[in-house]
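In the two complexes that follow, subunit A is the common piece, with subunit B as its partner first and subunit C second.
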Partner chain A sequence: MLTVETFDTLAQAAGAMTPESRFLGGGTLIMRGVNYGDQSFQRIVRVRDRSLREIRSESGRIVIGAGATMADVMAASETSFLADVARQVGGPAVRNMATIGGNLFAPHPYGDFTTALLALDASVRLSDGSEQPIENFLSARSSMRGLVASVSVSRPMGDEFRFRKVSRVKPKGVSVMSIAVWLPRQGGRISQARIAFGAMGPTPLRAKAAEQALEGVNLDAQGIEQALSVATAGLSPMDDSLASAWYRNEVAPVHLRRVLLGEGNR
Partner chain B sequence: MSSIEFRKDLFADERDDTLKEIGKPTIRQDILGHVTGRSPYFDDHLFEGLLHMRCVRSPHHHARIRSIDTSAADRMPGVRRVIRPEDVPNNLNTLLALINFGKDDEALLQGKKVAYVGEPIVAIIAETERQARDAAAVVRVDYEVLPHVLDVEEALEPNAPVVSETYPNNTFDYHELYDHQKLRFGDVEKGFAEADHIVEGRYQMSPIEQAPTETCGAIAAPETNDRFVCYTSTQALFFSLGTTAKLLDMPSSQLHFIGGTVGGGFGGKVDSLHEPLAVLGSKLTGAPVKYIFDRAEEMQVGAPRGAERWYIKDGVMNDGRIVARQFTGFFDCGAYTRLSSYAIIKGTGHLPGPYSIPNVASNVYCVYTNRTPATAMRGFGITGVDFSIECHMDKVAEAVGMNPIELRILNAYRDGDMKAHRRLAKNTALIECCQVAASKADWAISAQAAAQTSLQGGGGERAAIPETVTDQAGKIGERRRNKIPTAPGEGASAKGRVAAGTSVAPIIAVPPQRDDMIIDPARTGHRKSAAEQSPAVPSVHSAPIAPPRYTPPTPPTQAPMAPPPAAPVAQPQQQAAAVQPAAAEPYKPTEPFQKGIKRPGVSRFISGTRRR
Partner chain C sequence: MAKTPVRFTLNGSETALFVDGGANLLDTLRRGVGDLSPKYGCGQGTCGTCTVLIDGEPHLSCLTLAETVEGRSIETTGGLSNGADLHPLQRVFMENFGAQCGYCTPGMLMAAKALLAKNPNPSREEVVEAISGNICRCTGYEPIIDAILATAGQMRGRVA
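Moving on, here comes the complex of A and B:
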């Protein structure tokens, strides 16, 4: 028998979580599981704390509450640099419900927003107040206890941040892959680039070899050549109904080139 | 509506434009309810104490069931009843049994051997859907996994695993004679010898799921007087009712079926899988029971349009005339027949497409594999081969360096032409369609092609049935013993010739005065008294049952679609002797087709060949 429990605070909810519980964010994944007979959980836990939806600036970083929806991100002025990413998640009905916190846990091939957060070196704050880099969070999320309270990111400059979702059906298709890049530049040359791929592994993953190959190069066809050749190093794409792992590996450098050079923008 | 352009200039004299509905845009009768959200679907009917049913399904392509242990499921919370295969009163059926075509091959719940992933074995009825799912998860089935076959041509190998014991050759038996449906018209070998080019192609399409918005399902509940009401999403209400009556061995007068809103069918809701189980569940629990596919089941277990593979070989002259066309077709019907056997008959009647080709030969196989059984979907039987034919027409156009639309116009059938299934073509509008399509697409065609019309140039010599070469390769079971070629005529030891003009006379049994007067006692569910079953009555059985228009392709009858080659029909047992020229008289059966006569001690539901 499935039960639903509602708590006033995130801390109480976190205390009530068991392996057979699922925390309800927007419900776009959990309720689908309920409707389609997911037998892996017996309890749904939710909180009625509205502050979880807040988006605010805090000491130079943007803090996005775990309960903020994609629509909230699109509407808030603080997160204008992420509006385009949020707009590419689902359709309007999904964006009105789907939360940033839920997206952090969305299994392959979902998690486009998390891919962007990974490229932006976000930091994840848990309900116990501890904070960890998103990369550490993602690598341990399947065994994680506790709940996410918020994520924080620093605002990228100008066109430093770029995102592209590759899907077969537009505008609401699921990702064949998504690519987010953060390209800080010093004197025209790239420095400390971050590249994240979504739907190219069990969680969004960084393409670290490609990041290193971009160090100190110019952002042009010649400069990125080396990065493209190692674009898929460290990724582990899967076969699914949208694309085979082989196909994903083949097209990843093509899409990465388009993102880096701003080709094919519509 | 504005996107429709009526080309009333074409065939104006063949049409009555004063009609009120035909040729005019119309509003669907149910659209108002749909767009206002008021159409009631089967799942909108609420019942106090509704129980939910879920099936335990095979995880294997092919496995023998050693044992089924449901004791843990019986003890699960909320479980009201576990239905095992032996609880189904008459647990063997084939869909087309209702029109006496084919042998019963499929169980409602399979207790002996599963032949595809997702085949139902046990049904659980519980108070909530979740409880039913949880109980289904603890049913223990002991499987002996068997080798499986998933490819149509591999399934025809002599040593291929046997998918269905009802059809041990992995092919549907056509006309109790061949493991495929034959079509022979003229002499393709002669045509190939004359041709300037031979163009061959292989075409294949995958299974296609109908993907309805509302998944297949039914709710059954007890009514008064031992009747059961069943709200269902079926596309074929009385087909489902008849199937339920047969599987549950109960008179159809006890079944009150309510349908009407289908929630998207497209062919995928004719298989009547839900109604029998829902009614059985309701009967066994005395409570209302709902059985509905979830989306994963709809995709995995719900029957799709079957996969097809076609080989086409054309003999083409330099000027683009196609003088011979040969087909070898394989329908992947999955593990059980459902409707695929009929799709092949329908597809064969369509060959060689909308073209006049003087020499045509075709072998089409209905092949059993360990895949999800295939069923109906929008034009099934035609769609796959039409895709193949039109791809091949483009290939032919390329081979002879011709404009593909002009090639089609050159070879198009015209009014009065003889089709390969020995019916005269009429109202053939392909030429006009090509011309209009070319102009809409700004595709230039020659003045000569633009001047053609389907009304002229047909008939005459083109109306003649040519001398036809026949063969008797591919008898039922032959392929199991030796590997023999699948293409028409190849490897045939016995060939025959049927003289030009030979045609089989249609049988006309005494027709009922009106169509709605056809009554089949076996289908009404009323048991007849012994007196009524006396030999004096058979005319009651036989006369009304011979359908005046649709004839199931049983050999002694003239099937309007695609008769097998005339010779085997006329003299099925004659081998080389069939070489003799035409018999003086065209073949005429001595008695009209009749359905099997009931015998004491024999189930009235045994269908097809075993009935007789």
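Moving on, here comes the complex of A and C:
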């Protein structure tokens, strides 16, 4: 039998976490485990604090509370640039439940929203007030202690940010992969690009070789050629019922090309 | 093991009961309250047949920890009809053959109800989006989409 412990604040909940505990956000991951008899946890920890759902601007960055749902992100004016990403996470019921904090821990092939946050150089704030780059957070998430309080991102300019979810079932299906790119430009040329792939490894991962190959190039077929040739360097996709690792590696450059050049339909 | 008390309104009726640790809302409604209208399909958020409305918004009851609905308003398909008078959605689903085996129907109806409450004049695309989290393995979806669009038309006509 499971025990559910409810706290008023995130700090109290963080203090109550043990290796046998799971923190309940929207329930789409934890309750699935409960329904399927997951024996790896005996305690569910949750908080009542509604402020965890807040989305606000703070010193030039957008802060999204860990408890904000995909529907909250779609509704908030501050996160309009992420509305299309949130809309692609499940149907309306899932979006009313699934939280940004939970998505940070979603195992393969989930975590599309986190892929977008990774491309936007998000920062993850923990319940103890410490903050870390999302990339560091993701590489250590399986062993982290403490709880996530919020994530923050800078608002990208105009069409600098793009996201595409590749799935076999329309309009909603699980990711074969998701791709998020942030393409800041200086004098028309790409500078400090970010490319993140979801469902192409144990966590969302950056395609750093491709990012470097985009430095200083024009955003056209010729300019991105080198980046496409190294698109999957550093990624480690796995086989699942949707696609084999081989297939994912083969099609990743094709989909990256479409995202970068704005080609093709979803 | 201690049970936790939880109170909510179910289709407008005050409801209170004790739930086990980790009990989901679907089991609570079906076994605890006896409302058998929401169904268990996949248990993992894929199929949508357990969809209920919580404060008017669609949620997956199989993934909702029961004690989190304290003080909230739950609507299920069991509360749609008024005795023998079917809700317009139910009637038009029948007229359009929107159900074959019927297992997905409770979830489809609640997803459609939430849509029409917010958007009385949805486009076909908006209907498809509204039921995108609900799987039907019989109908091919077309009769369901037609039924929701037809219901929207009838309900608008009745109000006008």
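The criterion applied here is as follows: the second predicted complex is superposed on the first by the 264 of 266 C-alpha atoms of A that agree within 3 Å, B and C clash if a C-alpha of one lies under 4 Å from a C-alpha of the other, contacts with A are read in each partner's own complex, and residues count from 1 in each chain.
Rule of thumb we're sticking to: a residue touches a chain if its C-beta (ideal position, glycine included) is under 8 Å from a C-beta of that chain, and two chains touch if they have at least 3 such contacts.
Predicted model, so just to flag it, every value in this text is computed and none were measured.
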Partner chain in contact with A:Val94 - subunit B first, subunit C second, else both or neither: second
Which superposed partner A:Tyr36 touches (first subunit B, second subunit C, both, neither): both
Broader residue contact with subunit A after superposition on the shared chain, subunit B or subunit C: C
First (subunit B), second (subunit C), both or neither touched by A:Met1: both
Common interface residues of subunit A - those touching subunit B in one complex and subunit C in the other: 1-2, 36
Subunit A-touching residues of subunit B, taken from the complex the two chains share: 77, 128-131, 133-134, 137, 294-296
Residue numbers on subunit C that touch subunit A, as the complex places them: 1, 4, 20-22, 24, 43-45, 48, 51, 54, 57-60, 62-65, 67-68, 111, 114-115, 128-134
For the subunit A and subunit C complex, residues of the former touching the latter: 1-4, 6, 24, 26-28, 31-32, 34-36, 44, 46, 71, 90-94, 96-97, 171-172
Residues of subunit A that touch subunit B when the two form their complex: 1-2, 36-37, 39
